[in-house]
Structures are given as C-alpha cells and as structure tokens.
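Please go over the structures that come below.
In the two complexes that follow, chain A is the common piece, with chain B as its partner first and chain C second.
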Partner chain A sequence: MKDTVKLISAEGFEFVIDKKAAMVANTIRNMLTSPGGFSEAQHGEVTFPEISTPILEKICQYFYWSLQFASGKETEFHIDPEITLELMLAANYLDA
Partner chain B sequence: MSSQKKRTFKIEAFKHHVVVDPKYAEKTWKILEHAIHEIYNHNASGLSFEELYRNAYNMVLHKFGENLYSGLVATMTWHLKEMSKSIESAQGGLFLEELNRQWADHNKALQMIRDILMYMDRTFIPSSHKTPVHELGLNLWRDNIIHSSKIQTRLVSTLLELIQKERTGEVINRGLMRNITKMLMDLGSLVYLENFEKPFLEVSANFYSCESQQFIESCDCGEYLNKAERRLNEEMERVSQYLDAKTESKITHVVETEMIANHMQRLVYMECSGLVSMLVDDKYDDLSRMYSLFRRVPDGLSTIRDVMTSHLRETGKQLVTDPDKLRDPVDFVQRLLNEKDKHDRIITAAFNNDKTFQNALNSSFEYFINLNSRSPEFISLYVDDKLRKGLKGVSEEDVEVVLDKVMMLFRYLQEKDVFEKYYKQHLAKRLLSGKTVSDDAERSLIVKLKTECGYQFTSKLEGMFTDMKTSQDTMQGFYASQSASDGADGPSLAVQVLTTGSWPTQPIAPCNLPPEIMGVCERFRAFYLGTHTGRRLTWQTNMGTADLKATFAKNQKHELNVSTYQMCILMLFNSSDRLTYREIEQATDIPASDLKRCLQSLACVKGKNVLGKDPMGKDIAEDDAFAVNDKFSSKFFKVKIGTVAAQKESEPEKQETRQRVEEDRKPQIEAAIVRIMKSRRVLDHNNIVTEVTKQLQARFLPNPVVIKKRIESLIEREFLERDKADRKLYRYLA
Partner chain C sequence: MANCTKRDDGGSGRDTGCGRKADVRRCGRRCFAAARKARARVARWRRDRSSLDQLVSRAIGSRHRELATKRLSLISSSTDSEDYRDALSVRGSMSSICICKRTLFLIQFFFYGSTLTVLFFNVLGHSRLKELDMSRCSKITDAGIKQLLSIKSLRKLEVFQTGQQDNDVAKVSHIKKMGLLDKGLIRRSDSALNSLYVLTKLEYLDIWGSEISNIGATALEKFPMLNYLNIAWTKVTRLPNLPITSLNISKCGIHSIVYRDDKSIAPLSKLVATGATFFDADEVFSCLQPGCLKFLDISRSNVNSFNFAVNLQGLEHLDLSYCQLTDGLMEQVATIGENLSYLDLSNTKITSHSLSILTGCVQNLENLSLSHSLVDDASLAYISMMPCLRVVDLSCTRIRGFVYSNRENSEKMLSLSELQNLTHLVSLNLEDTKVIDEALQPLSLLTELEYLYLKSDFLTDISLHALSSLQKLRFFGFRGCVITDYGLLSYRTPPLLSVFDLRGSWLLSADAISSFRRKHEQIEVRHEHVNSLFVDENVSYGLPAPLTTTKATLSRLGTEKSSKRPSFTSSFADERIKYSAEELLELKSSPGSRCTREDLDLVPGMLRNQ
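Let's look at the complex of A and B:
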C-alpha cells in the first residue's frame, strides 16, 4: 500500500498528501478502507468535483494541522473569513 | 448604551440552489441502486466511492432521504430473497456452507453500502428515528433468511445434528459452526437464544438423561464419574470452540443436573464402588473427582459429607466398642490416630481441604471417641507408652508430631478431667520411677495442655515437676551434710518429697521397712525437718523402687531392681531361709493385695524367680511358703523384677477412679453454679443447667442430675434459696 494519496480538486489540481493526514476526514477514510475495492482505494486518488482548489488546499492544511494538534501542540488554525462558508460545506461533506 | 440604537443581526438560512429537475431524485437513486446491485454481484471494483457518496449526500441534502432509505430497504430485501432461494436449494451438508458463504457476502456488501450511505447514517437517520443501515441490514437478514420458514427449522436441526455427531465421536467442521453461531449472536442474543440455544439445551438434556441412565446401569461409581467429568469438559470445550460464552453455565448446568444431581444418591451408595469403598481404599483420584463434580450441584457436597460422617461414625463406633481391640490400649489409640491420619489425607488430597469436611471429621471423632468411657484412660496410657519407650531415639520434631496428634485426640474428649486424673497417675509413675524418655517432651505436652485448657488444668502437673527438681536439690544437701558423719557403707537413699495434693497419692499405712533402711530414713527425716519446719513427712512405701545386690549359689552375683515392697520381702531372707506367707505378712505389714502381687512377680515369673514357692503354682495362697531360689540364674547382671507398669485398670480400680472423678466434679459444679448465680441473682433451673454445662464443657460434660443434686446441697448450705412463688426459680443469697 502506498503511503500517499492524491486529492484532485474541481479544477483538476492534484494534491499529493500523506494517507495518514487524509484519513483525518472520515469520508476519505471510508473511501480508502471500505471493502470490495472501490476505484479510489485501487488507484489511491480521489476526485472532488464539488470542491474548488483553494478550499481543497485549505483542507489539506487543516489535515496536517489536525495531526499536529492531535499530538499535543496547541496552535490556532487560521481561516480567512471569506472562505469560511465554503470550507464548512466541504467539512460537512468530508465529515472532518 | 441605551442611546445607541441596537443593530439587529439576522442570519438567513443558506439557500441551496434549487434542483429544477423533478426527476432528480429518481435519477440519482437509479445510480445508487445500480451500485448496490453491483456490490451484491461482486462488481464494485469499477465504482467510484466519491461519486456514490456525493449522490447519496446530495439526496439527503435535498430532502430525498426518505426516498433513499425506502429504496435501500426494497433493494436489499430483493437481494436477500434471492440469497434465501439459493440457500434453500443447497443440498444436505452444503446447506450450512452456503448459508455461511451468503452471510459473509451480505456482511461485506452491507459494510460497503453503509460506507457510501454514511452521510444518511449521520444526519437523516437520527433525525427521522429510523434504524441505522448496518442494523437494518442485519434485521432484514434475520427476517428474510433466518426466519424464513424453510430455513429456520432446517438450520436448527442441522446444527443439533452436527453437535450430536460430535458427541458420538465424529469430527465436524468447527470453524463453520463457529461462524454460524456467531452470525446468530450478531443478529441479537434473542435470535441466538430462540433459534439455537433453547433447542440445544433441550436436546442435550434428553441426550444426557439417556446416556447417564445407560452409564449408571453398566459402570461402577468411579468409572461413571470419570465419564461424567469427560462429558462436562467436552461441553465446556465445545462452548469455548464455537458457542457463545454465556451458554457455558447453561449447558454445564444441564450436564450437572442430568448426570450428577439426578443420580447422586445412587452413585454415593453404589455397592462396592460408592463413596464408602472409595474412602476405605483411599481412592484419592476418584474422591477428588467426586468432590469437584458434586460441588457443582446443590446439596452435592452435603451429600458426600453426610455419607462420610455416617461412615466415620459407624467404623469409629466399631473401633471403640470392639472388645477385641480394647485389649491393648496403645494399639487402640494408634488405630484412632491412623484413622484420623487417613481421613486427614483424604480431605487434603481429594476434598480441597474443605473446612466443612474437616468439621465433619472432627465432630465424628468427637462422637465416637466419647462412646467409650475408657478413651481418656487409653489416651493417657498411649502417652505413657510413648514417653516411656516409644519416643526413645526419635527426633524432637517427630516427638512434637506425636504429641500434637495426642492433643488432637484429647480435644475430642468430653471428659477431660478423667484424662487429667489418669494422666496425673501415669505421670507420677513415670517421674518416680525415672522412666520418662525426655523431660522436654513431658514439658512440651504440659504446655500444650495448658494452652488448651488453661492454667488450672495443669498447675498440679507442673507442681509435680517442681517437686522432682526440689527433691534433687534436697538430696544433694542431705548427702553433703551426711558424708562426714556417716560411712558410705550403708544403703544409699533417694527421697522424692511430694507435695500432698499435687500428686495422686492415697493415704496409706507405711509398711515395716527393714532396720537398715529405717536408719537412713530417720536421718533424712531429721535433716528435712531441720531445714523445713512445720512440715509432716509420710513415707509412700507403695511407690518407691530399690536396687539390691544378691548373691546366689555358685557365687552368682546379680543386681536386682525391685519395688520397695519387694525389697522389704527380700531383705527378710537375709536372716531366714524359709518363710511362710503369714510370716512375711506379719513382718512387713504390706497390704494383702500388694503382697500377693509382689510375691507373684518374685516367685512365679519365669527367668526372674529369685524366690522358690512351696507348693509350686501360679497363684499365691495364704499358706504358701517361700525360700530363696539358689538355682536362680540369668544372663544379665542386672535383673529387673517386674514392677507392674502402668496398665489399663482392672474393673474395680476403674470404678474407684470414676468415683474419685465424680467426687472431684462436685466442687467444680458447685463453683460454677455459685459463679453464675452471683452474677444473675435469680435464675430458673433449666437455665442454670445450660449455663453450668456451657462453663464446664471444656473439662467435662456435667450430668444434669448431678447438677440438680449440687443445687440442692447449696440450698441446704444456704447459698441459694427457692423462690417462694415459683418453685422453679432460685435466688442467690449473699
């Protein structure tokens, strides 16, 4: 199994991040671990046609921040007000 | 603040872009439905999780959750019906395997479906109070497969058939069994209970009921228990291998009831192999098996215990009442000890050191030891034997072991005062004759008695030891003062000064001592009274011993070890050759019974007959005549003329001791009554009897009739009075 996973935004930008980080989102976790071999698990890449590039980037940042946070270092995760709404929609979708 | 106008915030609901396509829901569901079909057909590899998830997400978001849910139910139900058909058509042994395979498929599919419908599980289902997807899948499986009429009964009978096969020794596919029972558990413990456990327990009960019937007809007890234990272990193993853990207690209960509880009495009383013969033959393995099996059922242990108790009492009773076995007291006590050891070992090895069994053993011993009124005497004789010779050359630890065993028997005695009486007599003889093997052992036993019965019980025994010690010192002082004034030519004397009261002495008229002895005795008396004023010395001539140097024909010299009485008799022959019985009696003043016994041991014991008797014969008559037996010879230089050692008492002696014991009990009972009345002031008759019995039971069991007599005597002496109104009440008069 590869340790990284490729996340593709609506515009086609590809983010290659650690699997461990991506699994912070329950939806992605299920995509990659559900039995029966869905295409995402087979190819190690997930396409999000409803998530724009800046949001997906922010999300990836959040994944890493969250991993850090989980290991005890408390810092603030900065979110620009203008993307808040979209980000929250995506978060709901990803269950993160 | 008040002057400033408040700006009111208003947060508007976020408006989704309205779906214009009225067929949106239907279309989206078609995609998902197709995916579900593909999943069930093992074709999921081409599907995009993200796409399916997004579709389900959007359906829920756009308020089509209801459609999604009902569609799922319908699709899943359809698939399950298909599966059910395939399972039903499976032939014979393939049935379970097909069921297992389909279950695995369904489970996997269910998990995938749950994953893609995760958003519905998270939001729609809690708010609409529906069953979550996973649980829904299990319920549908239960309703469509397990509860389908064609599968339900077939499943149960197949499972039971397989277990039956395994019980008769066949090998079955345990992994498959485990999967199926686990499936039933996954569907809810109720499903497991109804569809498997209940019928399983019923069938097992039948099976074991038949089997145990068959076994009990054909096996002996040990064999049967062996089989029962094996069955029990098999069932427990079965549970651990492929049944739910909660079933264990239920199935073992079935086996216990059918194989043990229902046949308990028959097993225990089985002829030639039941509990009694196991006990007799020390069958530790069988006994231990019986214990561990019977412990599982109610009343099991008490059944064993009751049978053991009655067996012990029966054999014990035979032991203590068999006149054959009463002939030798030492052997008698040894038998008791052996019996106790044997059962102690059984309880340790087979009965898990169970306290209740130990208690049963103790109470049985207490019961039968006291059936024989001579037990206290015999136990004391046993100790006497051990302390005289039995313990010679035995290590200190072993001595302690023997003494502890004796103490254990002592504890069982009800008439401890009778034991004390005999023990005192025997101890006195041991001390005076210097026959005791080890002073340490004597003292150790006294310490044990003291811890058991208190200071009062042993104070006199300890007094005896003190007397012995002081006597030694006194004798040293006596000889130190005499050596100058008197030659060492005369007879040497060893006096033991005994405190009256501590020793079991009877006032007895002293016999006439030979003049040689008389002289030394008088000197001692003068010496003793010189240092201790205000005391009175009486000679206990019935208790002493003497060493005599005698010369027989052919200049044969011997040293004779005899009792004081015998010494007196023999000394008479220094001055005359032939004496009649009457002459001896006159000269010595020895009481007739003792005299006869002494003469008998001097003249009639082969190899020790230093006197000749005329006429010859075994018994001493009043007109017999005696002369020194010049032909006496022995290979030993020292000859011990049998002083009658502590032996079990003859009938009249026994009566006498008994009487003395009864006599000694009177003041103790009176003291107890007074103690009780002093604190209670007023008490009725029955209560006094109970209290007195309670106070004295450490020493003996007082007879209620005797207590009544003592009360009457106390009334006469005005310690108590009867209540004027109620004649049953007594009052204490201070």
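Let's look at the complex of A and C:
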C-alpha cells in the first residue's frame, strides 16, 4: 500500500502528500478508507473541482501543521486574512 | 506505516477525550481566529471582492467571454489605425464594451476586464486616445500602465481597481494635462497622493476606498482646478477648503468641512454622504455657504437633528432614507421647503403627522417616497395637497385604502380618492399595502397614470377590470393577486402597455399566460410561467446596458428572481457609491430596451436612492 496520496486542485495542480497527513481531513479519510473499491482508494488520488490551487496548498500545509500540533509541537499556523473565507469553506467541506 | 496508524489512533482518541484541544486545532476555527485578528484586512478584501467578482462571474457567460477574446485578437491584428477604429466601433455595437464618440475613444472595459492583459496596449499606443476607462481590469499591472502612459493625448484615465501597484502613481504624473483621474479602490496612501501634484489640471479625482487620511486630505488643496472629489470609504474626517462642487464622503466619519467664504470659487452644490457618520452635523453644515447646496444625500447616516436645515434653503434633492427621522424632527426638515423636488423619506419612522407638517412647505415636490415608513391613510389627504407630485411611492406602508369618517360610525370613506387632485401623477406604488378591491376603485379615475405597481393577496379580477380605464398605463404591476385565467383573458389592455407584471399570481395557468402573450405580442408579460428571457438575453450580450435594466427591474420588483440570481442586489452595494443613477444610465446604450431615461426617473424607490 502506497503511503502517499495525490490531491488535485480545480486547476489541475497535483499535490503529493503523505497519506497520514491527508487523513487529518475526515472527508479524505472516508474517501480513502471506504470499502467498495472506489477509485480514490484504489489509485490514491482525490480531485477537488471546487478547491483552487492556493487554497489546496494551504490545506496541505495545514495537514502537516495539524499532525505536528497533535504530536505536541504547538506552533502558530499563519493564515492570510484574505483567504480565510475560502479556506473555511474548503475546511468545512473536508471536515478538517 | 504502523507508526502512522498509531498516531492516527492517538489523534482520534484525543478528539473524543479532549474535545477542546481538537477544536482549537480545527482548520475552520483557525480561519475564524485569523479573520478576527485582522478584521480591517478582511473587511477590505470583502469590499474588493463583493460587488465586482460576483458581478463579473454571474453577469458574463462563457459565451461572452469568447466573444470578447475573439474581438481582442481582431484588434491586435489590425495595424492600420482606421481599421482599428472600425474594429472598435463594431465592438461597441456588438457588446457595448467600447463606445466611440466622435474622434475620442472612450473605452469601457467594464466587465471582461479580467481577461485583458498588458499586450493590448501595444495597439493602443499610436491612437489618439483621449479617454480611457479600464476599471476593474484586474490583470492590468504596472507594465500595462507604463505603456498606456506613452499616450500623450490622454486626458481622462480611469483605472479603478486594477492590479496597479501603489508606487506607480509617479508614472501617471507624466501626463500633466490629465483632467480626470479615477483611482478608486487602489491601496493608496497619503504619500502616494503627493506624487500626483504635478497634475495641476486635475478636475476630477476619485480615490474612494483608499487609505487616505486627514494628512492626505489637507494636501488636496494643491489641486486648484478640482471640482469633483470622491473620497468615500476613506479615513478622512476633516476636509480642507476646496473649490469642489461635487463631493462624495459616503461611509466616512466627518468632523468638519472647512468652507472659506470666497466669492471667486464655486460653492459646493452636490453632497453625497450615504452612511456617513457626522460627529456634529450642525457644525458641518453650518460651514457651507447657505442656499448653494442643491443635492444632498444623507441616507443611512447618523444625522439625528436637523437644525442645519435653515442653511439648506436651495436644496432640490434630499434623501433621508434610513435616517433616524421621526415626526418631531419633521418641522426642521420642512423649513428646507420651497425648491425641493425630490424627497425620499423611506425606511424612516415618520407617520402621517409628518406629512401634515410638510404639506404646505413643499409646493414644488415632484417625487416623494414614503416606502417602509409608518404612514397610513390619513397621509393621503396631505399628499393630495402637494400639487406638483409626479411620483409617489407608498409601498410597504399602512395604507388600507379607506378611512372611517368618524370614530363611532363604521361608514367607510375611500381614501385613495384623494389622489385625484394630483393631476400630474404618473407613477404610483402601492405594493405590499393592505388595499382591497373595493378600496382601489378611485384609482380608475387617475387617468394620467403611466406606472402602477400593485402587490397584494387581496386583489382579484375586479380590480384588474376596474383599472382598465387607465389608458395611459405603460407599466402595470399586478403581483401576487388572485386573478383567474378568465379574468386575464378578458382584460382590455391599455394601448401603450409595454410591461405587464403578473408574478406571484399563482392561480393563472400556463395556457392562459401563453394565449395572452400570443394575443398581445407587444406586451412583455412577467410571470413564473414565462421564461424570463429578458434577463438571460441581456446577460449573453453583455455589458453595462443589461445591468441597469436588471437593476431597475430588481428595484421595481423587489425580491423576485432570488432563485436565479441570488444576492444580486446586495452585490450592488458598492456600485451605488461609485456611480450615481445618471452615470449608470449613461452606461446603458441598448437600443432595444424600452426603458428610457425618463422611464427610469419614474421608477420609485431604490433606484433613485443612489
């Protein structure tokens, strides 16, 4: 089993990240772990036609930050005010 | 991998066990926190985004975008200047992006601005371009501007909300003869303003939404020719003595406007202060030269005393909507009197008593809006004593259409019959009032009426037929009423009727509507059963024109169509500050449209509030 997954943004940019990081988002976790042989689980690829590249990038950063935070390293996660709204929508969708 | 699973388990364990910590970690919560920390920046971002981006994406279909790109390549390929002009005028007629005026080119990249890039200006370089409006071309950057500035003939430049950076102002200043500069919504600071002083001929300066503060404002004195200034949504609180005739200070906090009594300079005649916060309104207005102000819009402002009204004797247009206006303050307002022709009192707390005060003082009033106020039938008697009234908006008030002649007696008097005295009345709005069929009978005598707006659950076929005596009607809104198929088909339509608005009349069947439309092809019928092509067509061809039409429609028709274009009205908020109604009308140039300028003048309520 591969331990990376590929997240693809609305514009088609691909982010390859550790599976454990991606699992921070409950939605992605469900996609990747649901039984039934969904293509997401099989290929380790998830496409997000609603999420733009910069937001998805921030999301990926967030995944890693969240892992760090959970393991006790409490750093600050900087979010530009200009992207808060879109990021919030994405986070809500991803259940992260 | 094993390691990873373990950590995951740990994570989810914490999720349930120690919810608070997991909560802090959540991305959404982080966003909230970040947004809260930088409130001002988020507000600015929202302001930047709200009207424009939404508008662009909704209003232009992909078809139009294609069209625009195609045209762009056409222009780029033509090297001869004559051809180029042709190309431009074709553009103008096709999509009203570019409007050619005599030898001047006034170019409006109003909407599809976002697809424009720097390249375009290679072509523009050799033209005799005098006016350029490239508002909202967010892809235009410094490089593009630089090319643009090689055009020596430029007199007018509007670069409102482009991708241009602050430090570029200095370059703009090459053009010493520039008369108009519209730089709204660029992050502009006081120091940047300094570099503009070479523009000594500047007459029109639009820097709304910028970072200008009082320091920058004092420096505005260095523009001797300035007569139009828009500093809405800035941090300016004190304005120096300026020779301007038109000033927009919407959304500002205002301490004072200095005015030196100097006969040589033209006095301020138009002041727009929508949503402004006056620290002491009396003091601010006492500085103005009495009797010179013609146009005053202080809607949504915090003005709560009108002692300064004595100073405003010459006023013709007064907008007090959404003010904290009550009956007690009305006497002060009434002293403005005589010359007033437009008065907007909508969304205030005034009752019929206010009108009794007002009635003798406003003999020249033509346009009165009382929408969403507390007036009732008693007010109609007073309204009827304002002889020049042409447009009356009584929507969403307590009008019922009848009064009881005395307290004990239950004899009903039809109050709308009072309106017969108004011989000039052409537009009447009674939407969302409690009128019933019987009460509407007197309206059939208002034969001069051209625009009638009705919306009520109580109206039936009876009213429809009673009103067929109004032979001059051009717009008839009969919304949300209980009319039957038979009632509609037997309705004798007035000869000039062009729009018949039946939306919300749920009893009508699709068949009845379509046979009515077949019978009266010249009439635009609006109903849920009619696919409202009038909106979609406009969108596919483009630009400013449909916008104004849609806007008029929306304002006239309230909340309808919400499913199709959600939050469309709200996205106009910024536009209202940016453009006056007249300017919006000028943007409009579609020949097929039935709404002329006069028509829109008559549209009550919201449209005129701008």
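Here is the rule we go by: the second predicted complex is superposed on the first by the 96 of 96 C-alpha atoms of A that agree within 3 Å, B and C clash if a C-alpha of one lies under 4 Å from a C-alpha of the other, contacts with A are read in each partner's own complex, and residues count from 1 in each chain.
In this section, contacts are C-beta pairs under 8 Å (C-beta built on N, C-alpha and C of every residue); 3 or more make two chains touch, one makes a residue touch a chain.
For clarity, every value in this text was computed on a predicted model and none was experimentally measured.
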Comparison of chain B and chain C by chain A residues contacted: C
Chain B versus chain C as contact partner of A:P35, first or second or both or neither: first
First, second, both or neither for A:V46, with chain B first and chain C second: first
Chain B versus chain C as contact partner of A:T27, first or second or both or neither: first
First, second, both or neither for A:K19, with chain B first and chain C second: second
Partner chain(s) touched by A:D3 [first = chain B, second = chain C, both, neither]: second
Chain B versus chain C as contact partner of A:Y93, first or second or both or neither: first
Overlap of the chain B and chain C footprints on chain A, listed as residue numbers: 85
Chain A partner contacts - residues on chain C that touch it in the complex: 1, 4, 7-8, 10-11, 14, 25-28, 30-32, 34-35, 37-38, 41-42, 45-46
Chain A-touching residues of chain B, taken from the complex the two chains share: 14, 39, 42, 44-50, 53-54, 57, 108-109, 111-112, 115-116, 118-119, 122
Chain A - residues contacting chain B, complex: 26-27, 30-31, 34-42, 46-50, 85, 93, 95
Residues of chain A that touch chain C when the two form their complex: 1, 3, 18-20, 23-24, 59, 62, 66-67, 69-71, 77-82, 84-85, 87-88, 91-92, 94, 96
